[in-house]
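Labels A, B, C, D, E, F, G and H are assigned to the chains in the order they are written; within every chain, residues are numbered from 1.
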């Protein structure tokens, strides 16, 4: 399909333009999600998109699936409920860096631990966009934020390390500059049976860029291009070269028992016992 | 000092016997903490012990320091407040596996991320002891629990992986059988500048042992002996040999900027700017 | 209305004993309510299970004044007998309770309950059932038939005979 | 009491303009309240800053009926002029507002505000200050002296002269 | 093929302008995208790929 | 040196009994620790180390 | 056929849930409610349902919101501290109109308080605990059989009105064991079920109500693709912050409940016909009150008991009517006096309202309450 | 000397905190309260204080509990959803008697509701939001200068009575900018400070009150080693679940507040002397009410305004007295009618109480309220 047809197919009619600021990367990430769904030819009725609260989490309202715009940080418990109650549905969670790793951090590590078959796309703009620019657990040290006028001293999480340490079985990263790769790894994440984390690095020119003098939206995308390196190439860099680069692509892919499938065993055991 | 003197010195007068069940490992872990404090000759007035809620979290009430028995899962935020407000205090957090990694999981990863100078001793008895035997995020798969009468299907966290993935800079593990090692690694954790996690594997013969047919308290300690192997030796095992062993000792030790020290920079910057 | 309190320490199976007693009363066609007190933290310490039994509708679910107190530990005997009145009955496990409260009571039975379980059945585990046998015999609050049925409903398969035996041994403690 | 509404899109600096206007009124020894409406999500879309100014104590902090509406975008002009009455004044940025509401108004000023900022000062950034100059000239609601002082209090060091110039250019739009 | 604009969706962010290799596009005074030299367009789809607002498409006729 | 018991603290868990290499200790009917053969005690401190209730200590006289 | 057994209140709630057709439980253990979870962990998989222990209480309500969207009947259970934690998402369930039953077995508070001791200190919290205006239905059983029946009733209300319903127990009722008669098979029990849309998917407006003020709810995955949000929304379910949409959205939430009081407000009268002193008591305290009223009658005092079963919405009409009949009202509760405030409001000075309050970890005894009655009699 | 400036309500709260000597803020951003955090992130380090943005709102109150134990004055700020999340630990602060000020800038609820629009829907939640019986002090400023003054007052109460105090703003007050006169230096402001023990450490009983019902509080690290718990506790601070300890522990919490109503209950009368219609309004709605009362007076209607500043504990005596003087009471609030219920309770039918309620994302206008007054006049 042509992109316009894809947009017409998977976006709810009449709800564009979206609310995001000029140049905001969220549209590109959301476009990548529908391209991935299109690529996999998923039946729309069998897809549920669950989001939290934040600029990024508004994506759910635009998409023509079963959609939930839940509460801040709570997309994963809600998504877990949808998935466990109706395992045949494909579940995509849309979340911001704050939504996923600040208030939602506990649900994140537990979804990873359970390895429940959910694909989580984290729109990482390194900031709380919706509330106007407070630092998030993914804001780099020494950044300016409205709650860090003297620069942040917090160490950020490495989302890959966190997800892996908690038990996620598929982890990928891409940027809005690498839009095709992004939609590609999202598709792989959806296909993966288990908890998949896709970190989508997305420019927030307004709440993050301005304070940190990152230039125009286009310039922020060029920075992504400059710093994002495909994993295979990244691994060949010297430690020094690595310092201002980050790996993109599929970073981790492993198999482990998936929660909803495992739960079927409980039912079998219980029903055997009961007879 | 003789052990009895240590107990008399660091336990509050007249509060023993403690409430723990016969054979419960919590006493041994708590003893190991005061031995570590004694070894380091910390001034009692400069130590704060903060716990959550659970059998293990009752430890704070017995210890003759500045002590807080906070709410379930919330020991770390409270401890963070004590530490950041009064950085000269030595902070020890006492927590259960549920308290630390279930309801308290978010605070755990964020304390690790900040690398705040707190030593956290997690009494891991693989169960919710206080409420009578429900599974925790550290209950091994296929265990019985009152909320898993057909056996658990959840994958447990590996506390080491989780702590490391979140950014902790000191991670150690010991068991109540390895009581001396336990007090040793706690002492090292206290000395470490940054967030230190000590996993203290502790037998709960009542809420965990009974359901899972683990035998007497003494037997459960013997199982710890059997399965716990010092890291150096563990690393030499074959993958197969490793399957029913776990490494003990100091598992990770790294240096990174510590939160309260970093925060002083904010004050300096602010006061410079203000003049 | 009969008001019975079964007290001791955590591991003695008195909660279960209270439930069985109440279930036996139901089998007798009576009403019964069982309740228990949990320590502030549900760990170790004393344990208490209360049962009230009546032909009539039971509203208030707690004991107001106990008719019968079973005390299977010294601490329980101290803690849970304060409200026993002169016409009350106290039953103790003589192995654990050395000091009987200094008050006038209708009847005091100091019985080797746990000893009997151990000696007669090889396991202290049966002490709670032995106690039920004794209580049934002393008070007649439940029929032996219903008690037996109630016990058998609750115990693991394969232990039925030993449990029946336990009831009998308990009854035999009362001469 | 004067009730002024400054409206446009997010990036046009109208919140700041409202604050400056209120601060200028304070410098004039009057009372002033500034408030603003946030879109449901504070992202993009229309933006509105309201100022009420009076010699008397001000209680109710919102505009009841506006005397003056500045509209710096077409959407804002559509959305925020509905309650302008016949004796109200509408000021638009002619670059963005093509369609004026079809209603009788005391006065309508279609001014090349952003164009003037760009052409005269090289930056559209100054459009909000240009607008304030025009408003001061049209309404006299604040003195030029206080407005200038209020602007200078708020703007980054080094831009003082350009901002003073912006006020002047704004005033000059009104012949 | 040709370019198709949804002007109502365009927010004038300038991303397409910046990434268009042929300088076909510009943002006008009303902060909307404009085609300034359609003849240079190679239909490379960079603008389509990068527009965050689904405001510009390369269309098969 | 000798053994010192805090009977009120002892809960009769039997850990000391199990780990005493010399079979010096036992748990009695009242579910309390008891010294049954003090003479065999080597004061190895295993009991002290392992008692979760701080009920048994090896004491310097 | 039916069977007569001894059962704990908490377990009867779990049985009621199974009988009502609940297929999903999510929660986090906490005394004194844990038995509800434990019983359902055992029972749900047997009927093909699912039980999940979540990482905390917030996730416990979050997960059932998700499960409810697939059309399942869902439950969570907790006590004081956990109930406080669930408040934010409880509000979400209100505005997004997610049917669910939340069990709160009260213990002594505030904070950790006294986890194993009885209190009725969460009565006002059950009404007002989440931020913002919202209506709520709160049911309080007074016996083990009522735990069973009222759980089924809670699902009836929850499904019919698309609203969360709180089943508010106290430790007395939750932990006592008494006789209950259960049908041999729950097939005989009518299982409440929410409306599903009858229109075609393309015509479905997820928040457009029928005449009964309640919109039909399409299970996820059945071809109706709709949007759920905690923002104020229009009839299509999309965010709309206009004055009109806000007013309509919030008014309908209240109307669903307030227009159906005759259906929702349940209560029991005990010797109220000729009563001069009306005792008002609910839950475990009502058990004391029956005995105290009997005793007072035996002493010639014309006492009666009004037992609200639906404690919220408040039985305003009933209490007004009582205030017109009796000489005195005595509210008895295991707290510092919460429900009494609403009684006072509604009685509006017509007759004296007094309070017997107890908050010391123990239930009110019949004698204590009798003495209080006698002071009025 | 002092300076006259334009300032936002939220910022005035932050200024008040600095003036009161606050040295620690922990929180999590949320509209419409974020400016409080942002201002303190900037100001606190300048005065050697600390600001920490936590992982969520629960941690935001947790961290200030810890900081308060070291002797610091502490603040957290939030709005609806975050306020719901803080409820559990708010109860902890009540029972453990931790002084702190919690700012809640209300927005439309329930749930996400309408984050940027005004409402007063959390009034009852502020009183009853956490589980279990607990007293609470809730202050509601009606202007920007009052935001400043009342923040200082909040610390006075919080420190004096060792209790959390809620500063309840609405979006109208929090986001409006108006004139405020501030001293050039806050040195002139008397900084409230909790009692510290005067006894030796070995004699210190952390929860043994003085005659004023309030125990002295030793900062951690000063040689007094004490125990803090959320369990019901004895005077030494250790868990004690006996009936006596429970009763005493909980009664004292209430007594601290209830015995000091004359000190705590703040209010304003506006044209109440000869009023026949009393408007009762607080916060942003009071701003409307002044104008409406003026307008009514201009039309010959004897209206007056009673503005509770301390909304909880409820100004019971004052409202009773008003009920004895006026002919009608009209409560105006931006919700479905919350505070009016307590007014009704206290008025107890003496005179009619009516309600002007608005809940549509917009403030009540003077004209709307005037019309409501005229209906009574």
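In this text, a contact is a pair of C-beta atoms (placed from the backbone, for glycine too) under 8 Å apart; a residue touches a chain by one contact, two chains touch by 3 or more.
The structure presented is a predicted model; accordingly, all values stated were derived computationally and were not measured.
Trainee: Going only through chains that touch each other, what is the minimum step count from chain B to chain E?
Mentor: 2
Trainee: Going by the stated contact rule, which chains contact chain A and chain F alike?
Mentor: Chains in contact with chain A as well as chain F: B.
Trainee: Between chain A and chain B, what is the separation of their C-alpha centroids in Å?
Mentor: 32
Trainee: Return the distance between the CA-based centres of chain C and chain E, expressed in whole Å.
Mentor: 86
Trainee: Need the CA-centroid distance for the pair chain B / chain C, whole Å please.
Mentor: Here chain B and chain C have centroids separated by 41 Å.
Trainee: Would you kindly tell me how far, in whole Å, the mean C-alpha position of chain G lies from that of chain E?
Mentor: Their C-alpha centroids are separated by 58 Å.
Trainee: Using the touch rule from the top of the page, what residues of chain F touch 2 or more other chains?
Mentor: 11 - these are the residues of chain F that touch more than one other chain.
Trainee: Could you check chain H for residues that touch two or more other chains and list them?
Mentor: Within chain H, the residues that touch at least two other chains are 31, 42, 45, 51, 55-56, 58, 81, 88-89, 92, 111-112, 114, 116-117, 229-231, 239, 241.
Trainee: Identify all positions of chain A at which a residue touches two or more other chains, and write them in rising order.
Mentor: Only 20-22, 53, 71, 103, 105-106, 110, 130-132, 137, 149-150, 154, 263, 266, 269-270, 273 qualify.
Trainee: Which stretch or stretches of chain B touch chain H in the complex?
Mentor: Contacts found on chain B: 12, 15, 44-46, 48, 50, 53, 60-61, 64-71, 74, 76-86, 88-89, 106-107, 110, 263, 266-267, 269-271, 273-274.
Trainee: Would you pull the chain H residues touching chain A in the complex into a rising list?
Mentor: Residue list for chain H touching chain A: 28-31, 34, 37-38, 41-42, 45, 51, 53, 55-57, 81, 111-112.
Trainee: What part of chain A is in contact with chain E in the complex they form?
Mentor: For this pair, the touching residues of chain A are 2-4, 7, 11, 16-18, 20-28, 31, 176, 179-180, 205, 216-219, 221.
Trainee: Okay, in this complex, where on chain C does chain G touch?
Mentor: Of all residues in chain C, those touching chain G are 19, 22-23, 26, 31-42, 58-62, 64.
Trainee: Which positions of chain G touch chain A when the two form their complex?
Mentor: Against chain A, chain G makes touches at 23-24, 26, 42, 45-46, 48, 50-52, 54-56, 58-70, 72, 74, 88-89, 92, 219-223, 225-231, 238-239.
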